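Quick one: this structure, given as structure tokens, is what I'll be asking you about.
Labels run A, B, C, D, E and F following the written order; every chain starts at residue 1.
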Amino acid sequence: MKIGIPKEIYEGEKRVAIVPKMVTQLINDGHEVFIETGAGDKSYFVDAKYERANAVIVKDKQLLYSEIDVIFKIQPPQREEFEMMKDGTTYIGFLSSALTAEFFKLMNERYITSFAMEFIPRISRTQSMDALSSMASIAGYRAVLTAAQYLGKFFPLLMTAAGTIPPAKVLVVGAGVAGLQAIATARRLGARVEAFDTRPAVKEQVESLGAQFIEMELVADAETTTGYAKEMTEEFMKKEREIIGDRTAQNHVVITTAQLFGKKAPILITEEMVKKMQEGSVIIDLAAEQGGNCEITEPGKNICKHGVTICGLLNLPSTLPIDASSMYSRNITQFFRHLYSTEDRKLDFEDKITKSSCVTHNGEIVNDYVIKAIRKGANT
Amino acid sequence: MKIGIPKEIYEGEKRVAIVPKMVTQLINDGHEVFIETGAGDKSYFVDAKYERANAVIVKDKQLLYSEIDVIFKIQPPQREEFEMMKDGTTYIGFLSSALTAEFFKLMNERYITSFAMEFIPRISRTQSMDALSSMASIAGYRAVLTAAQYLGKFFPLLMTAAGTIPPAKVLVVGAGVAGLQAIATARRLGARVEAFDTRPAVKEQVESLGAQFIEMELVADAETTTGYAKEMTEEFMKKEREIIGDRTAQNHVVITTAQLFGKKAPILITEEMVKKMQEGSVIIDLAAEQGGNCEITEPGKNICKHGVTICGLLNLPSTLPIDASSMYSRNITQFFRHLYSTEDRKLDFEDKITKSSCVTHNGEIVNDYVIKAIRKGANT
Amino acid sequence: MNIIIALAYLLSSILFILGLKNLGSPKTARRGNQLAMTAMLIAIIVTLTKNEILDFTLIIIGLIIGSAIGAIIARKVQMTAVPQMVALFNGLGGGASALVALAEYNRFSGDLRIDVIISMVVSLFIGTVTFTGSLVAFGKLQGLIRSAPVVFKAQRFLNILLFTLFLIMGIIVIINPANSTGLLIILAIALILGILFVMPIGGADMPVVISTLNSCSGLAAAATGFVLSNNILIICGALVGASGFILTRIMCKAMNRSLVNIIFGPVGTVSVNNNNNDKRKVINYTEEDASIMLEAAKKVIIVPGYGLAVAQAQFALQELVTMLINKGIHVRYAIHPVAGRMPGHMNVLLAEANVSYDLLFDLNGINGEFKNTDVALIVGANDVINPSARTNKESPLYGMPILNADQAKTVVICKRSLSPGFSGVDNELFYQENTLMIFGDAKESINKMIQLLKT
Amino acid sequence: MNIIIALAYLLSSILFILGLKNLGSPKTARRGNQLAMTAMLIAIIVTLTKNEILDFTLIIIGLIIGSAIGAIIARKVQMTAVPQMVALFNGLGGGASALVALAEYNRFSGDLRIDVIISMVVSLFIGTVTFTGSLVAFGKLQGLIRSAPVVFKAQRFLNILLFTLFLIMGIIVIINPANSTGLLIILAIALILGILFVMPIGGADMPVVISTLNSCSGLAAAATGFVLSNNILIICGALVGASGFILTRIMCKAMNRSLVNIIFGPVGTVSVNNNNNDKRKVINYTEEDASIMLEAAKKVIIVPGYGLAVAQAQFALQELVTMLINKGIHVRYAIHPVAGRMPGHMNVLLAEANVSYDLLFDLNGINGEFKNTDVALIVGANDVINPSARTNKESPLYGMPILNADQAKTVVICKRSLSPGFSGVDNELFYQENTLMIFGDAKESINKMIQLLKT
Amino acid sequence: MIEPLLVSVYIFTLAIFVGFETITKVPPLLHTPLMSGTNAISGITLVGALISAGAGHSTLSTVLGLLAVIIATINVVGGFMVTDRMLEMFKKGKKKN
Amino acid sequence: MIEPLLVSVYIFTLAIFVGFETITKVPPLLHTPLMSGTNAISGITLVGALISAGAGHSTLSTVLGLLAVIIATINVVGGFMVTDRMLEMFKKGKKKN
């Protein structure tokens, strides 16, 4: 098949959907790869490297779109990109943040078959396609580095001739993939780390990384059948905020990652709580994309309020463009291989993975989850 | 005695010479402490904290200078500061970068007794006064964090479902205090680290931190009697650059710290060598203050050339203001205590430490090293 | 007693002691066996020079026949059939002691010192019990008799009755050594008791039973020594009696059972999964076994998993690896992409323990190597080595690439129980024939191995 | 031999064996000693019931006098003087054996079986050598005789000559047991040989010599047993002879010397710093000693230094600490501000090993605690605990605050040699009386301690 | 009359001690070889059998003795050989069949 | 004639083995107590002395025997008591003197 990789046009996006190493693999699989010139520049994969991997470098974006059967992307398509797509093309990339009525209209008009990386079910055999996990890993790692950069203190304990410098204390709220990676990284740098999550299974995992787990009377079924966290009652949230509030005043760095799949992020840190924190503390809000776990987070900005720096960074994975591209590229390649793994390279909608991840096909919305969400939206 | 701490006015300086904890100690010693309002703001030591420690907050800078016997500073005095000093005051702070003819003139005109923190001899019992060491520790730590921030790659090795991410490779040139701290921090973050230094004693130290030492036919007496590195012959430097050049092309991050006490830093990385480095690599030049170890370093700036980011950061300790202030504050307090440790609180110029560190006294330059340097300068 | 003979016997005894000592440690066991052989040879030759011995023809014939049969059996027997062979041989040893007692009784026909007749009764009784007991054990292991425990109602009562009868007859015979009928009754009781003793015990407990019987045959030999006032018999018999007893205790401990429990336990089989078929029996191997396998290996691959993190065993593990490498063994780590609970979990752990990156290999890099590997040491991993991911379409793991640890010659698995991992799927690798399960916290297990490898 | 007596002796022998076994391990040593006491009591009482014994008065008197003297010495003696007391007692034991041999010789006056006369000669000779040898050792240790080795030219020759003479006289006496002069000559030779044997050996090697003599006195007792055909003497004598020999070997190993080297070595003193005065002698303590001290301690402080980093012993150290804590011992780390070679060097190391920050204390936080601490365990640190920084104004370290490790009850120092640290200054703490130096790579030493504490 | 018995008891007791002390800790993989080895050693009863068979007193004694010789020899020869086979294959570190 | 000697030799040999096996590894801090303890045990020669002293044969024998009894008793009593003192103080984990 003809696979095309246009340059990402989303602001600040430095990643590229395919790295040269994967180009070689796709070509070995019998596909052709077309890539827009300069697509990898920001992640230091220059055109020459793609050329060496036998990709075709295409100077003109429009030309690229018109040549290809499958588009590999990261950020969801913007209007101008839709306009360039050929009818019946297959599109693979992150989509969940773009699922608007307009999006469906455009997709279906052009009979685009679209797959959302976020909708790949998280089961054992899909782990190599799971871009949410790989990108969350990066976010967790970067969150700690960013915190270390903004904090006016050492992370590690230092007992020196110039006095004993106590270690930084780090609180991680939400120990999913990103949270665990943040814990590991902060521990590596020598900080004292404690963590909190609503899912009880997480305790052992947190402790296996050498951090303290903050105990709270947890709700028994905090987990959905798919392993995600459930939305909690307001009563629970109040109690949680109380407990976290106790801890935020003690810690120098707070990293929040609490997210609920497909919903606005819960508010865990109120402005009141920020006021009680020590001067010079830092909050890294990884849920900024979903509105933030901190009440005063301004997504996309670093603000300093009440002596506390609050970072509402967006798109953290893009700040580690080399490895983020490599990982995403491997995820999307594995996914693509799975989709077209049959002899005749036809999609198999009986397959659980294909079925769950496909959003639009043949001019229709085919995703159960999306359909349900739309119905719900229509009702209210 | 009356000790005064003016606010630092040097651009970008966030540290403060005394932190509240040390104020308490000085007051317990029987001194009075005056501090300019807002002096600790940038390092999150707000006036209220000093007040609680019983320091006198002084609103007016001029008033402060006229009240006090001893000035605790970090950055060398600027012209406007000289003008405010009372005759016969004692001044303690970093001075070596300011030893100009004008400086001596101003100092001596006002009969200022000045002590340079840099000139405290580095012997066992002065380790608690050694601000060079404590600040170098911070610089080494920050250098690695900065490198991690700029590098588009993970530092640690990660074997994940989205592929195996090889660890970042870090080269540290010059394994003094800063270099060793950089090695330790980079190792903590999981990088593969190698290091090079001209002093053979360093090999064991580097290895004790789990890093590789790059072997080179070393010169036997690379060390001066005081433990500092000697200046090398041009022949040696050529050979060194060859060896380092081999390694820079292999590493993702290069941190250079090579300094020669009181001299311009040696050039260890030429532009040629930068060209051969991998795209996306990062150079952190800790010698930027002395002109830099890299040929194209622009002190005070981050530049990107040949796909490589070169950071010529200045005053790195100031980027960790809380702990940097605490450490410096302890160093200067210990030093001050030593200077006035006699019953009658008179300076004892028989004492080795007092003698070596004093620059001007009673209208004269009293420091042997400085006198020698001036004579030498006059000769050429 | 001729002085040369006595000294030669002494030499032989010393060699037996040294042989036994050496037999107890993996490194010297073979030499120990050879020392014991030498000792036996000396004892036999010396005995033949005794002037009590008048007729050599029969002896020579006996020796030749016995050697031939022994050698043929030893050569032909399958390695898997060794336990029953040991049982058989042991029975013969006990039988021989009993026969000697009878022969001596016959020789002196009633004209016996009290200590001699006591010794004879003991030798006859223990020897005969050992004989029939061992034969039953042999039959069970060889499949000639139903291996399952045979229990009937009045069994314990019958045993006590017979034993009391033996005691009474014993006293009668000792008081009146000329009473040969009494001796034959004792013989008959012993024959039956031997059978009754072993019948109720299940096949899995046989090794312990054989070891007990072995200890008994040693005591029978010692009793024979008392009969003949022969020191070497006494010494060797006592040696075997005592060491057999200790060995029995060690074996019981390895099975987490007590001897009493084995002999009188209501049901005599050990099976971890009672509700499963026989294949799913798991032996409690110990760290000693693991260390023997590791030491004998040329190539070892370590597979860490989430359990390593839970146990925080990374430091110990790396110490073990360093030790193995220093012994010239080729060791690598195989890191599965999803081992642990977050991407790179194993890397974080192993980096803490300063494991050199050069020792770490990912799935693609090492999966082909397992088949050439002597030992795959699995530390707290489970799903990532579960072979059902390869074959069983029903398994939730199906389709996930796994590490082919099962292809290694021996698989050593350190975990706390048979419970499953993250995916909740049972792991058939645990029941594989070349798998040694070492139950316990991974850190403790590894530390024990380190200790054992040091000595 | 009366049967009861024989069995009582057997019981006594068994108790002796058990006692000896228990004496060899720190935990059971006291019980072992008590078992041996009981055994001795039984042996004595049993002997007194023997019908060979006709006259009790003298015996009772002898026992009372002996007990009184023994008890007084044992009670009064300073703990520091124990080694010479052991030497003295040992000499008396040897002497007693010799006396018994003489008495028996006198009793049977020439009418002796060959084995008895051989045993007598052996008993007399070994017993006497032990007697005078031990007395010389006692004198040297007590300061009655010059402790330094006394060597003269023809010494070795003289020894050989005397020994040959003994052999000749021995043969003569054995051939003609009635030759009592011969026996007296043997006695004289033995008296002299004992002195000659010990004189050339220096005070520091005395423990090994005493142990050797102890083994000899056991053999002498065994020989006496042969004379009297008394099994308990034979058994106990052999036990002491063998275990004394093993102990001697162990002690030689601990001193890194061979027995031959000690007895025939050109200069008989061990001193690591030959050019220094006697105070600067250092004993090679072992990890066993350290582990005994650690186990007996209630409070332990660990002082890590640059050597910990060089040895990369942080993981092992933390394991040791965890073990101690689990044993209920209070353990803390004392981190000197400039330990290592960069600010925070120890923190980096210990963080790698996951040491909880709560265990780390800086100089101010812990320096007052050393005096209440049982063991300060120094791992590769040197300058930071050098007391000369406090007192010696000439020292380059003078004025640097140090950790007061020297105030702990016992200081255990792990390093490879006596060489100085960064500052190049010698450390007098190494020679302090309450210091145990454990030489070797820190990681290996710590690992050995871990192993020892596990058992 | 009782003396030889007492001597035997002494020797027996001491040998028991030696037996207890020599075997202290044996790893499970060695259990079977060790059992087999000590089993062969217990074949020392062969020495008794030889005496019985060779004393040539009565036919019954001799026949019993001969039988004892045969089966004791099987025990000794077979026992040592099997032990050796086991130890040999185990030393090479092969997997347990 | 030679038989009792042979028996003694057997017993001696076995006891030597027991002695070798029981003492295997002793830490230096225990060296002195162990030495002292075995030294006291070697005072078993007291048993011989008792027989010599009590047999009441000749005066010389008796005197020699009495002397032997006295010094052997010193050895035994002093030895055990000193050992006990040493072990007691050492068990409390006090520092060496």
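In this text, contacts are C-beta pairs under 8 Å (C-beta built on N, C-alpha and C of every residue); 3 or more make two chains touch, one makes a residue touch a chain.
Fair warning: this is a prediction, and the values are worked out from it, not measured in the lab.
**Student:** Common contacts of subunit D and subunit F?
**Tutor:** Chains in contact with subunit D as well as subunit F: C, E.
**Student:** Taking CA centroids for every chain, report which one is farthest away from subunit A.
**Tutor:** Computed centres place F farthest from subunit A.
**Student:** Pick same or different for copies subunit C and subunit D, depending on whether their interface residues overlap by over half.
**Tutor:** Because over half of the interface numbers appear in both copies, subunit D and subunit C meet with the same residues.
**Student:** Mind checking the centre-to-centre distance between subunit B and subunit C? Centres are C-alpha means, answer in whole Å.
**Tutor:** For subunit B versus subunit C, the centre distance works out to 69 Å.
**Student:** Approximately how many whole Å separate the CA-defined centres of subunit D and subunit E?
**Tutor:** That pair's centroid distance is 41 Å.
**Student:** Quick one: subunit E and subunit F, Cα centre-to-centre, how many Å?
**Tutor:** For subunit E versus subunit F, the centre distance works out to 36 Å.
**Student:** Multi-chain contacts only, two chains or more: what residues does subunit F have there?
**Tutor:** 2, 10-11, 13-15, 17-18, 22 - these are the residues of subunit F that touch more than one other chain.
**Student:** Residues of subunit C touching 2+ other chains?
**Tutor:** As it turns out, subunit C has residues touching two or more other chains at 17, 231, 235, 312, 337-338, 343-344, 348, 351-352, 354.
**Student:** Can you list the subunit B residues in contact with two or more other chains?
**Tutor:** Residue numbers touching two or more other chains: 127-128, 133-134, 137, 156, 158, 160-163, 165, 188, 190, 210.
**Student:** Dump the list of chain pairs that touch, please.
**Tutor:** Between chains, contact exists in these pairs: A-B, A-C, A-D, B-C, B-D, C-D, C-E, C-F, D-E, D-F, E-F.
**Student:** For the complex, give me every residue of subunit B touching subunit D.
**Tutor:** Going through subunit B, the ones touching subunit D are 123-125, 127-128, 133-134, 137, 177, 180-181, 184, 188, 204-205, 207-210.
**Student:** Sort out for me which residues of subunit D touch subunit E in the complex.
**Tutor:** Interface residues on the subunit D side: 1, 3, 6-7, 10, 13-14, 17, 231, 235.
**Student:** Can you tell me which positions in subunit E touch subunit F when the two form their complex?
**Tutor:** Within the complex, subunit E touches subunit F at residues 7, 10-11, 14-15, 17-18, 21-22.
**Student:** In the complex of these two chains, what residues of subunit F are touching subunit D?
**Tutor:** 1-2, 4-5, 8, 11-13, 15-20, 22-58, 60-62, 64-89, 91-97
**Student:** Mind pulling up the subunit D residues that touch subunit B in the complex?
**Tutor:** Spelled out, the residues of subunit D in touch with subunit B are 306, 309-310, 312, 337-338, 340-345, 348, 351, 383, 389, 396-401, 423.
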